[in-house]
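Paired with chain B in one complex and with chain C in the other, chain A is shared by the two complexes that follow.
On to the complex of A and B.
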């Protein structure tokens, strides 16, 4: 949380996160670039430009695969949520690695002719009507442009400027990027392989990404947030008061599709919107720390009674009227304007 | 009331002890996984072939007769230790540019050629220096190109690519991942080459032309770098085989 925009709000956890990320990427590139040539018994070595392009390309693909595994892993096991926390740095670094791959390719395969290398990228292979021999570079370009858009708009300034729903939709481009990368690899380097080690790694990585998404989807369908049941006077039933642990919440889906999170703090219940004002993170999966609901994604905080971030922060979210009858928690599904104070309702311990 | 003891992570706070060891294991595991993939992928790349620029020979100067096919070739008459007399060289300029225009006025004439040799087995190419330093007529000396020897009709399986990358300007210099580069070289008038899966008269590489003896027809461009079969006539020019293909007979092979 911040009251002004800074390039990066560093903290210890981000430093640790980036340390492991950079260590992995540096380890990959170092071994690929400087150690693997000594293992290859080629009479004539692969051109350094091609070798470098392959190193950065393969690295970008694996980084993208890891990034796409983080979301479903965090949905399946909350212990992976910290990996989500600084995922943007991972994404920006992936974009730079992919850009380096593009640079090597452009300056090698598309350079040295009388035309501009940007023009040759477009016209040198125009076999768009076939699968084998298709200009797979086009898919690489789509992926790169997508990654650059994601990296450029990753900062909180763009999140606030575009609003969380629009920003999130734009960031679904990550899937466009991944599908394009998979097509780029499948129609490109995989068509030429004699040794299939990379083919196997590519398939395992892609299948892991797909499987985790399917498993997480099925898991959420099976044990996802329950629908609030209609009650009298237009109110809806969320759960029994005893089901809500201290400092935690129960989430329910309202008739209009929005989600409400009912929190217990000091044996008093309050209901707020489940969507964090920052990135629409699931507040109901958060926890009350020092009297403030804390988002599990990036730690944005709100007063559970008013939906307001503590001063000097200015984020506000909708609240809901709440009542308890025969130990059943009832909520008025019509949200109050963001930041509206609602008196908490006392319940037995 | 239920109790919830699940560790809760907040980015700007110190993680719970239970979570710290888990996150450390995940961080170390991912870094090691990436590092391992680096050596596995890097260490299992295919051999790019044995062609290369022979910068180690230094610039080579030879004399011979230019023949325009229309790709220019040089039948060496006065060679040296590296490039002996009787050798047939394909000619090219620096980068992805051929020398067809530059060499056309020397067709059938004796010339002095200087440049860097590219070698890949029986495939030899000379990348000429610029201007007259690279290619110039030798006035007053007569020489004739060897008489072409027809070798009949053939159906070959293999791949069309550009002669320069294949000869070693790029390693790897063939295959589908190299298709755009090969097409760019061919657009730039670099001689087209057919890499046959089986040797023809001892040669794996043949210069490839259209059926009327023109440069590689545009109809064949979609098949560059693909595994194909194609029919045509083979003629020996010096020690270079030339395959004039009919693009209508191209079949893509699995």
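On to the complex of A and C.
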């Protein structure tokens, strides 16, 4: 986390996360390059340039597959949430690994022409009208550019500058990248009939990614947040007060599509926006500790009474007016300006 | 000029404009539209690669914030509806692509011994 773009918190979890990530990449490259050449069907003599290019390319594909599994896994089972915590570093490293793969390819296959290697990459194969021999490099380029945009816009400045919704839309490029990588591999290295081991690894990884995404979407649609029901005087009903456990929240979808999270703390209720100011993570799935709810995605904290992060942090989120009538929790669907204090409402005995 | 040269020149010009935008934005603009950036300089070089890639978006947001057209409530409307579209699009496109790729794999004769051909005269490889 940072205050005014100066890091103030770099906890042990982040160090462990990064350590395991770097160790995993180093271990994979070592395995690919030196331990199991037969398994990955590159036992025939190839020069180190091609060998390295294949190792970094395979590594980037697996890293991208793992990154894409983290989101749906965390939605299906909260025990995977810690993997989400520092996914940004995972993504940046994937972009660097993919860039290294590109460098090796460019400096071997396209470096011996009279034209520049970048021009050679573009004009060396222009058979876009056929499947066999299709210039699969184009898909690799699309994936690389997508990954570079994701990596270079990963700093928190971009989230604040672009706003989380715009930033999220840009970061949907991860799906474009994965589809392009799948096409790059299918029309590229998979055309090598000898490479059965890598074919199997690729199919299992791709199938896992797309299955998890579809399962997570269906799961979310089935057990999604309930809609708040209209009540008198413009208020909406969220739930019964007794349904909200201590230090936890109930989430409801308001008529305008926004989500409100109603928390219970010391037998009093407070309502805040369900969207974290950082990446719009689901605050209502967090737990209150010492008046502060922690976002389950990246650990941002807010006082549920005021929607303000504790000092020195400066994030603020909207709050809502709340009332309890006949044990029913009512919320004014018109949000207060971010950071507005609202007196908590006592739950009747 | 052929297409490849034109494309490479386009990328070069894109980055050059991005460099100019980055210089103006990081020296003048960022302090005007983001109070958290005032007095913070170490992080600014980290922003440069992003500006080089998406400078039209940077100019648009700079203009929106500078002219007071920003809707502060908009940052609390998460993008949720696109998850399903992304999941199913990815599943369908990848499945079709893999089937096309695998069904067009070329068969090589198993008993064929490769023969090294001499390089044509005048080539370097």
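Quick note on the criterion: the second predicted complex is superposed on the first by the 333 of 349 C-alpha atoms of A that agree within 3 Å, B and C clash if a C-alpha of one lies under 4 Å from a C-alpha of the other, contacts with A are read in each partner's own complex, and residues count from 1 in each chain.
Throughout what follows, contacts are C-beta pairs under 8 Å (C-beta built on N, C-alpha and C of every residue); 3 or more make two chains touch, one makes a residue touch a chain.
The structure displayed is predicted, hence computed values, not measured ones.
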item	value
Touched partner set for A:203, first chain B, second chain C, both or neither	second
Partner chain(s) touched by A:191 [first = chain B, second = chain C, both, neither]	both
Which superposed partner A:175 touches (first chain B, second chain C, both, neither)	second
First, second, both or neither for A:243, with chain B first and chain C second	first
Touching partner for A:85 - first (chain B), second (chain C), both, neither	first
Which of chain B and chain C A:231 touches, first, second, both or neither	neither
Touched partner set for A:216, first chain B, second chain C, both or neither	second
Chain A residues touched by each partner, larger count belonging to chain B or chain C	B
Touching partner for A:119 - first (chain B), second (chain C), both, neither	second
Set of chain A residues, in rising order, touched by both chain B and chain C	112, 120, 132, 187, 191, 193
Chain A-touching residues of chain B, taken from the complex the two chains share	1-4, 6-15, 19, 22-23, 26-28, 30-35, 37-52, 94-97, 168, 170-172, 175-181, 183-185, 187-188, 221-226, 252
Partner chain A, residues of chain C touching it in the complex	2-5, 7-8, 11, 33-34, 36-40, 42-43, 46-47, 49-50, 52-54, 57-58, 61, 65, 72-79, 82-84, 86-91, 93-95, 97-98, 100-102, 104-108, 124-125
Contacting residues of chain A [partner chain C, same complex]	3-6, 112, 115-116, 118-120, 122-123, 131-132, 145, 148-149, 152-153, 155, 157-158, 160-166, 168-170, 172, 175, 178-179, 182-183, 185-187, 190-191, 193, 199, 203, 206, 209-211, 213-214, 216-217, 220-221, 257-259, 273, 275, 277, 280, 314, 317-318, 335, 338
Chain A to chain B touching residues, read off their complex	9, 11-14, 16-17, 19-21, 23-25, 27-33, 35-37, 39-40, 42-47, 50-51, 54-55, 58-59, 62-63, 66, 78-83, 85-86, 108-110, 112-114, 120-121, 124-125, 127, 129-130, 132-133, 135-137, 187-189, 191-195, 197-198, 201, 242-248, 264, 286-287, 289, 294, 296, 298-299, 349
